[in-house]
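As written, the chains take the letters A, B, C and D, and residue 1 is the first residue of each chain.
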Amino acid sequence: MIRAGVLGATGYAGIETVRILSNHPTAEITFAASKTYAGKKISDVYPNLKGVCDIVLSEVDIAQIKEKCDVVFTALPHGASKEVIPSLYDAGVKIIDLSGDFRYNDEKVYEKWYGAPHDCPKLLKKSVYGLCELHRSEIKNADIIGNPGCYTTCSIMALAPLLNAKAVDTKNIIIDAKSGVTGAGRTTNLDYSFCECTENMRAYKIATHRHTSEIEQELSLIAGEEILVSFTPHLVPLKRGILATSYANLNGDYTDDDIYKIFADFYKGEYFVRVLKDALPETNHVAGSNFIDIGFKVDKRLKRVVVSSAIDNLFKGAAGQAVQNMNIMFGLDEKCGIANGGFYL
Amino acid sequence: MIRAGVLGATGYAGIETVRILSNHPTAEITFAASKTYAGKKISDVYPNLKGVCDIVLSEVDIAQIKEKCDVVFTALPHGASKEVIPSLYDAGVKIIDLSGDFRYNDEKVYEKWYGAPHDCPKLLKKSVYGLCELHRSEIKNADIIGNPGCYTTCSIMALAPLLNAKAVDTKNIIIDAKSGVTGAGRTTNLDYSFCECTENMRAYKIATHRHTSEIEQELSLIAGEEILVSFTPHLVPLKRGILATSYANLNGDYTDDDIYKIFADFYKGEYFVRVLKDALPETNHVAGSNFIDIGFKVDKRLKRVVVSSAIDNLFKGAAGQAVQNMNIMFGLDEKCGIANGGFYL
Amino acid sequence: MIRAGVLGATGYAGIETVRILSNHPTAEITFAASKTYAGKKISDVYPNLKGVCDIVLSEVDIAQIKEKCDVVFTALPHGASKEVIPSLYDAGVKIIDLSGDFRYNDEKVYEKWYGAPHDCPKLLKKSVYGLCELHRSEIKNADIIGNPGCYTTCSIMALAPLLNAKAVDTKNIIIDAKSGVTGAGRTTNLDYSFCECTENMRAYKIATHRHTSEIEQELSLIAGEEILVSFTPHLVPLKRGILATSYANLNGDYTDDDIYKIFADFYKGEYFVRVLKDALPETNHVAGSNFIDIGFKVDKRLKRVVVSSAIDNLFKGAAGQAVQNMNIMFGLDEKCGIANGGFYL
Amino acid sequence: MIRAGVLGATGYAGIETVRILSNHPTAEITFAASKTYAGKKISDVYPNLKGVCDIVLSEVDIAQIKEKCDVVFTALPHGASKEVIPSLYDAGVKIIDLSGDFRYNDEKVYEKWYGAPHDCPKLLKKSVYGLCELHRSEIKNADIIGNPGCYTTCSIMALAPLLNAKAVDTKNIIIDAKSGVTGAGRTTNLDYSFCECTENMRAYKIATHRHTSEIEQELSLIAGEEILVSFTPHLVPLKRGILATSYANLNGDYTDDDIYKIFADFYKGEYFVRVLKDALPETNHVAGSNFIDIGFKVDKRLKRVVVSSAIDNLFKGAAGQAVQNMNIMFGLDEKCGIANGGFYL
């Protein structure tokens, strides 16, 4: 059994990690920390886990973690992650960080978009960007994973095959993304109260959302040139789900069949990627699962392709991909404990 | 009192027309027709109106309409509208058509996007496109109004000022629009059942939605050249509301202040248009009202402007604008009966 | 024009009062106060009202109120109301209090259920319980109205006719009530965040909810004997709406027709009460309106009647009834400004 | 591996059975039938299962079932089940029927509540009522299980301990139950469309719902006398979840502690029953799981106990309990494949 710790276990990404691990056949939760609820059983905070996972929450305690854990999931706010991760690293545990702190190849990009110095650039260099389908071989041997953001996963995977195939103009790439409310985390902010969110939708942080920088980093890597994108996040009234609609101008007279082939080839053999033919994704097909569904349509009039991609922001967009990373790092079947289909209902 | 008839009174656009008119100080409903429910009280079908409007639904009856009505709202499916409108026209009543049948300057555009001959091109020529803020003076004297589509209203009004000011490149205009479920009308289609829609979202009809042609017609008129746009509709789990996110490349170094001025000047004196400064629209600010809220953000990195616009698809996007058209046609205060703010809650 | 002030204008009951008054033909808002947002325009806090009501929020200021207002709606938390109401009374304005502070005939009942001394029992004696259909004649001449609670209105009106007719056993009365989330007010409490509320429901405060005492006070008055009831509130994931299901054992072999007659007679001529025959209420029939819909079913097997009643908790359950009280107090048509049907959509 | 067939696999109870079985470590789906979709892959109808379960749907085919299946889940409408079950029985497969057809000890009760003759009373006699916690020993050896209804499971389990302990008056038992919309199944009925259901709630079938008869059958068995109950179902706008609020008059001066002891003793050792102390259930704690959460409160004023119980109607209320029955029948660990906690998010 892999012995796993979860820090920030009572946030939404943290508790989803706990929920998934509590159902994982070859991992067990041996340590869970929560600043707010230390001393309580996790199932007193999340009664859905009563009888399933009743571990008592602790403060972060490196000595204990060193003794009890093979891997630690840090589901902390950005900034908080990089304060604790150096000690975890020194303790010799594998680290899967769900914050934004270890997702960058270049500390300057972090500093520009997060508006603060990175503080541990050496560890940043050792970290691997944990988008499993793109960086599997590096993940295998990594000690620190920067687990990708939710918008990021959904957007990069929609555009990577097209850029890889040089099928689209690298200018004028636009990503219009819509997220469920769990993306905001467990928060008492009035903006996320039921009465303010239900029957409502809105765009936010136009042209300034931090995930833009992750998307650009990864797409640039694939394209072999600097890619800049318009990224617009939106809040929609559901819990789980991101839908990204991506627009790019085609470099030639591609048909729907051509584009399908590009995607199918790029994601050949990938269990968690479902490329759709003549169909478009819906978030309830992926909710509760680690799948990403990708559909598309060529607009011949405008020589443009529109890609629609859907994930569960908490699962493939956070906790599920984190467990997928763990499976890869520990040499397990990559699907282990996360092979299930979406809830649909 | 203006005597109003409503055909297709039990569809969602029809019943919203009835609801608004039943609260209008200088109009009264004198005739209401429904193929499905003829013979029943409208308040037996929509019990929210019990005691408020208990008119008995009829079959369409031109003689009765001629006698009882000054204006008729036709809230029928496209195709059905153009079958009845010639008789209504001959009967001498003013016509406000909520279908797609009378929205085009050129019957060929209709025929291309609707895949059927128009049948009454002469009346089409007499009809006026009822986007009140753009065609007010023609509406005043019109006998037939082609009341604009919901997506259309929200999209055109977001882009018209920029094209009018020649501020944006006329290529690469992208409109990513999200609609609440009432946009699909009163339907028993499984796709719109509660369990299939709630906690779900999806794109549909990419590159082929009919409203594209309305948007292009009106934007071309304003730009003085042919405008083609990418238009992608999405279904999101709420009842009322459209949010359109529009992308266009700027023709110069415009600032947010410059763009604000372009919008503020264009919509000067328009009660129903609220141009937002340093804020973005939310659909619950306009739900239940005839307002359109428009916000925007210049992305300096990419020399691109992103416009966010929100309306209530049933109100400003259908029944409310229809009543606004009636107010203009009959010389009333344009706000009469529809001046109220959004529900918010 | 009646000049109206609203204190606590930015809470949900407050803003609904503002929204209704901004559409009232013979009232105008001349003063609005908010502790949190004093100095801001009300439409900066609630942008749905931009252009509709842009009054600047003040602190509570008795001198100004005295000068500017004929009536004041106090939409403050209980406790806060009774601190400000004595000064308002001395200033000679009519008071309609939406809190629990002035709803009791007996200060001891208040003190028992609210766990605090009442402080101004003399004014309590002058106050009238503002359930319009039951206390219309006293309301006409009242200076202080204790506007009823939302659960209370929905429950009392469902049972009053039966107790008045001595048709039911006064023991074993059970009220199982379900409320939308606006009932909790504008709150940052995590329990009312979108992700915790949507796709969720729960009972709360079983046997201890304060509205129990209001229900018992009014039902006892009608029955002429002390009535005690089981009252169980529930939270359900919608914004507006209360549905109360009330159970009582019948004193004889009543049929559905008998019960209909009891209700129809009791509420004869009441515009806002819709007694349903062979139908049951739905909250979307009353949402956004001042109506209460009441249906019922006799269970012959068990000699029991089950009454189902529905209101909009913010409208008939708070702000709408408050305006109805104003209309009565100022001799207006009782329906003025609140005659509209429910939203349905 | 247990080889399982599912008939009616594309209804909501059917597909939830498929979803659960596709994740079960010692069962596999070897046959799936759907009248509407025969010939299609199940994952074409439910794309959430693409890559997870791609079995091709058949017509019902007894010969194939006999060859391929050890157990068959019949998730058919009532009436349809009893047409096919005799042949399945003759084919020698174990049967778990999710309809109402095999839930009764007495065919007369079925005939009274379902308004039709039962047709196969002999098999009805062989069937066992599959409420696992109450009938485990009979289930072990059963060939036909009448899997309980959703409302039924939630209601019976809330009241059985109290009746067993003779703690409550057997008269005046009232069950007020609220269900999510999946309870209505996969339907194109307008009443269950998104726009009619969201932001809405209502009671239905007061005093006449068929599940009443199941509840009475089982409670009478436990009480040792005939129990009649008021049962009122309600529709609330969420997908998964039933919350039942049950009222009974206490036979003595019971405290909350006494009642807790009664429940804790009755359900001692039951993994899927979580008796709550000083807390009330919420449906999102059980959604997606086989748990039932039970809380309660003694109302000392009225000498009455109010019990609140919550299940997932599709899981413990249908497919999950069906799999629990399978586990028992085949001698597996009862929790196998269904031990997971609720989704919460």
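The rule is simple: a contact is a pair of C-beta atoms (placed from the backbone, for glycine too) under 8 Å apart; a residue touches a chain by one contact, two chains touch by 3 or more.
Here's who's who by UniProt: A, B, C, D = N-acetyl-gamma-glutamyl-phosphate reductase.
Note that the structure is a prediction, hence the values are computed from the model and not measured.
Participant: Just to confirm, which listed pair, B-D, A-B or A-D, duplicates the contacts seen in B-C for more than half of them?
Facilitator: A-D
Participant: Write down the chain pair with more C-beta contact pairs when C-D is set against A-C.
Facilitator: If we tally the contacting C-beta pairs, C-D comes out ahead.
Participant: How many angstrom lie between the centres of subunit A and subunit D, each centre taken as the mean Cα position?
Facilitator: A distance of 36 Å separates the two centres.
Participant: Indicate the whole-number Å distance between the mean C-alpha point of subunit A and the mean C-alpha point of subunit C.
Facilitator: Distance between chain centres: 46 Å.
Participant: Using mean C-alpha positions as chain centres, tell me how far subunit C is from subunit D in Å, no decimals.
Facilitator: Comparing mean C-alpha positions, subunit D is 38 Å from subunit C.
Participant: Please output the residue numbers of subunit D that touch at least 2 other chains, ranges allowed.
Facilitator: 12, 182, 195-196, 198-199, 237-240, 282, 284, 287, 345
Participant: Can you list the subunit B residues touching subunit C in their complex?
Facilitator: Against subunit C, the touching part of subunit B is residues 12, 15-16, 19, 22-23, 25, 46-53, 182, 198-199, 239-240, 271, 274, 276, 279, 282, 284-289, 291, 293, 314, 339-345.
Participant: Quick check: in the complex, which residue numbers of subunit D touch subunit C?
Facilitator: Its residues touching subunit C are 172, 174, 176, 178, 180, 195-196, 198-204, 206-207, 228, 230, 232, 234, 236-241, 243, 245, 247, 249, 280-284, 287, 297-302, 304, 306, 308, 310, 345.
Participant: Note which residues of subunit D are touching subunit B in the complex, please.
Facilitator: Checking each residue of subunit D against subunit B gives 12, 181-182, 186-190, 192-199, 237-239.
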